[in-house]
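When the chains are written out, they are named A, B, C and D in that same order, and each has its own residue count from 1.
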């Protein structure tokens, strides 16, 4: 049977009422940042009952929606990166170095600044004491996995985020955080595991193996998602502390990547980049039938249609769906440029949160 | 008002009846190649009246349809390349060199063979007499323009075709066709003009300028097209001797590239790589309404719907279309791999037709 | 015979003495910008005699040398872009619009600013009066040609510069300069002509054709060059108003691109990205022989070597050069990152000079 | 002190005499394949004494040299792939399935054939019995690691090989070898670990982690190497069963990847793609001095030079080496095309050896 697919919790939430929420161990809070036109919804599922009701595991699901995010407005994106960085810092409480280097304001945390860190630090290597033995000197180690297929544009979000991260683990491992002017820098590592057709392995297998060897404290996975509504493409960022589940993502992961399968906390960041073609047709037709049933001149239809069961409605629509649509995606015309832009928004947020 | 867009003549033809055709200076012939599962439709518009009726200029429109073209079957593609090469040779009658080198069968004209030509010839350069003054020694000069945006996957067909052509003009210009073992090689040149946002110029301006300077005998333009039906994506090749018209192509050309604007005959080769998202929704809804009207249990609807005019039907559907769909394309999930494969099918056809 | 190759005038100048200069219609001026560590040498060849002496046509040859340019220091590059923009503005006196929009300081002319221009202007299109008929409203039209092979890293400088330009011609042609908040914006167009093996045409043919059709006022050509000394790789920018000559560039142009061949003034911008491998060996061996001849313990050698003629010296070295070296380049290990960085330095300079 | 660097055993061997060999637990065998112009040298180090003498661990070092490999001759490369496949099959004895499917000759094992395997097999999936529990049904699992930096052309050999492998592990894991018509297919997986600046991790850490999780039977590592002589660039393939050692490779690995560090046998395949610039200068100067000393007219030099010690010779040369040369590579002018071609030669060899 046709199933409308979405990877976005916020799209599934739409059917839960406020009353239901509280009764069932689900809390929803909303925040509006008017100047930046950012809307943040936080869904917390705190009981097994709530998890069952939502069809999702216990945990925190944060959705950041930005009306104009899709537009090419560098300053605005900086604001999104800043909010996302704040969310990440709440989800990943990092080890304080006990010392502060040159303090730098968040406003200046642009890509250029990340580059400045690197340059300044490299001149410090020689002077750095190599006696690194305390957690305080090493910080909180974070592995970022950029999921998806680098060669398929709408699935390339994760790999492109990984490409633009400010990587520090190898430096800190050798010289300690004192190698950096700002000693709040955390050790960041990154991997692009590729997709199964390229590697013969599940992303989960590759990541679990690396975690076993490298022993990071946290895993951040970044992935391109499928949404139900074209309205959300490139306008929504979903952050959750529950990891990634089978069937999600543009490339359809088969294994879960969670605390249970990796042994460490997993923060998942996703942006919807496609809608399955069948979904937009299904939705349009549902709306059409609804409209027809309400049209003044179509009162007889309203009655006929009303005689059909919900299941009959679904069957009728499903039969009309071209099987070819199953292999089709709907994407924005400028998806290549958008993926590039959105990947910077995410990589800058991670850079700010842990190397800012 | 919403207009269903298609760049494919074969999709527009669907409404013309056989009787109408003959009356109006339109002839349609069809050929089936069962073994290869290729179907070729040739529409010839021979009078102004026919042109008016079809909404297209006088000329020949050839559509090559291959059910399985989209699949990754190298041998089959070779067959499509072979048919396409034959069509190109009919549309572009080339200059015979009067001599024959080592004759090579069509069956061996794969990509590897093209590379063999180059290698053999390069060892011949030294011996070649440089006294080149006769048309017979130079052949029929063909410029291939790969239209579209290299950086936007579904629009990159033209640039990728240009990348894989066997380029000979510079060699023949210096050493004559005797530089090649097969002296039927024609002088081929190629340009990727880019898109207006990259160059500030229309493709037509760039191509016209180059033609003025380089004086080729023929222009072949290759472009990615928009189709009306997802069923045609990657399964149809359109070849026409009328060139390219404003509004066509994934990137929406604004100026025409025709014999009138360039001064030389223009052969256009196009493959549909996208459907506008609004189109699939429109089509699905039209079908739904049709089905509803025929459903046993919906006889009253049939009557109500029947009372609405055609225009009212269109309006109702149009209102339901999300404006966001205007910026959306429907593409196959593996569009990156398909563009690569289809570009080889076309480049090999051109290589075989003029350098085989 | 072995010829040490260089595309840099400043490397050829090294043998000209001050006295010779003035006598022969050659003037050399030097400027030092200490804070930015930039050294600018301007050679003006004003007479045919001087041209003969220098082995270069009459014109202005400006060399901008920056000790640290090769390092990844974003701020410093901004200073180089600023100096280069000033040089370009002197060589290309542009048409003033007669009006000034929001004036913006040079200090803010970063890549982000260029993007801001675009965004602001796009909201103005609707209000713009389309009656564009005066030169004042159109400005000075500049075509930028990014020479070289996009697929060969050290030769990709020109194409990458073209990719990052702020393109305005198509907007100004339709809406006039009033479309931009800063009405000093000039109409910029760009072309990446590719190399002969890809196109079958000389870059010069393609560019001349486009100039014929599009009628720009100035041509800027950007190209990767071969230097004689590895010390200059990525540290020198050469700007000249005499265009490009046969044999120059990493890709070895065969035709000149000059005012004579294109009909409009040609400004050439080049950065050395390779040294021919044979050159570094030749130079090292020359130095060795020189050293040997001076070594205290090698007095007899000094006399023996002294008995050989200059030609005998050259012959001896030439015989030792491996013929394989002819197909080899010397490039920095991180040439991919450097080309990217240097291309931004140039594209930003052009953006600032004509769209700032 | 200046050290001439080479990753090629065959270049180090040049100083070992035949007599020395046998005495020291080193055996050298040579084979010539005249038709294909391939020369294969096999060095076996069998004792600790031999290992000490050679400065390399015990094991087998095979060098495949092909005079014309660098040229664009597709058929010839196929022969190299075939020989390399034979070598790999000797080093990795695979599990026989006990059954034979459609036997296919080696001559047809081209890239197209690999693709055919995939297509045929995919139609078989449905019928395949999923009860897979015996080693015989799973085969010998091989992980291929493509070392190096995808974005730095001469270092991209490994990643490009991985991109073109025929990946089977995920299919065999799910359906057994019966999924393939040729049941001798082995389960192949692949990883591109990236370089430390991109990941913050050593390649060795990533690979060891994946091996821990995925448990392959063998590891093949593919890497671009540094040679001493430009004559070897792209003309030599080195295969060894001792893995990879610190300091080797274009990107200079810091940790070893061997049976000791990974727990499974490691086959390393390398092709030299660069020579350090200082090396060619050093070599040329050594030759020059040698020549000078022999020149008829320079008898006095011979004597003076002879009075200097070997160390004084080295010092003299070293002082002449420009320190900038340390950051320079010598590469062929068409390195981009060569890397692509050589990566196919290796990936086809692996495809033939284990999926042919």
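Throughout what follows, a residue touches a chain if its C-beta (ideal position, glycine included) is under 8 Å from a C-beta of that chain, and two chains touch if they have at least 3 such contacts.
Quick caveat: nothing in here was measured; it's all calculated off a predicted structure.
Participant: Name, by label, each chain that touches both members of the pair chain A and chain C.
Facilitator: Output, common partners of chain A and chain C: B, D.
Participant: Over half of the residue-numbered contact pairs in common: that is the test. Which of C-D, B-C or A-D passes it against A-B?
Facilitator: Match found for A-B within C-D, B-C or A-D: C-D.
Participant: Let me check something: if the centre of a chain is the mean of its CA atoms, which chain is farthest from chain D?
Facilitator: B
Participant: Per the centroid of Cα atoms for each chain, what is the distance between chain B and chain C, given in Å?
Facilitator: Computed from C-alpha means, the inter-chain centre distance equals 39 Å.
Participant: When the C-alpha atoms of chain B and chain D are each averaged to a single point, how far apart are the two points in Å?
Facilitator: Taking the mean C-alpha position of each chain, the two centres sit 43 Å apart.
Participant: Give the residues of chain A touching no fewer than two other chains, as numbers and ranges.
Facilitator: none
Participant: Applying the document's contact rule, which stretches of chain C touch chain D when the two form their complex?
Facilitator: 151-153, 230-231, 233, 277, 280-281, 284-285, 287-289, 291-292, 295, 297-301, 303-305, 307-308, 316-317, 319-322, 324-325, 327-337
Participant: Help me check something: in the complex, which residues belonging to chain D touch chain A?
Facilitator: 162-163, 167-170, 187-194, 196-202, 205-206, 208-214
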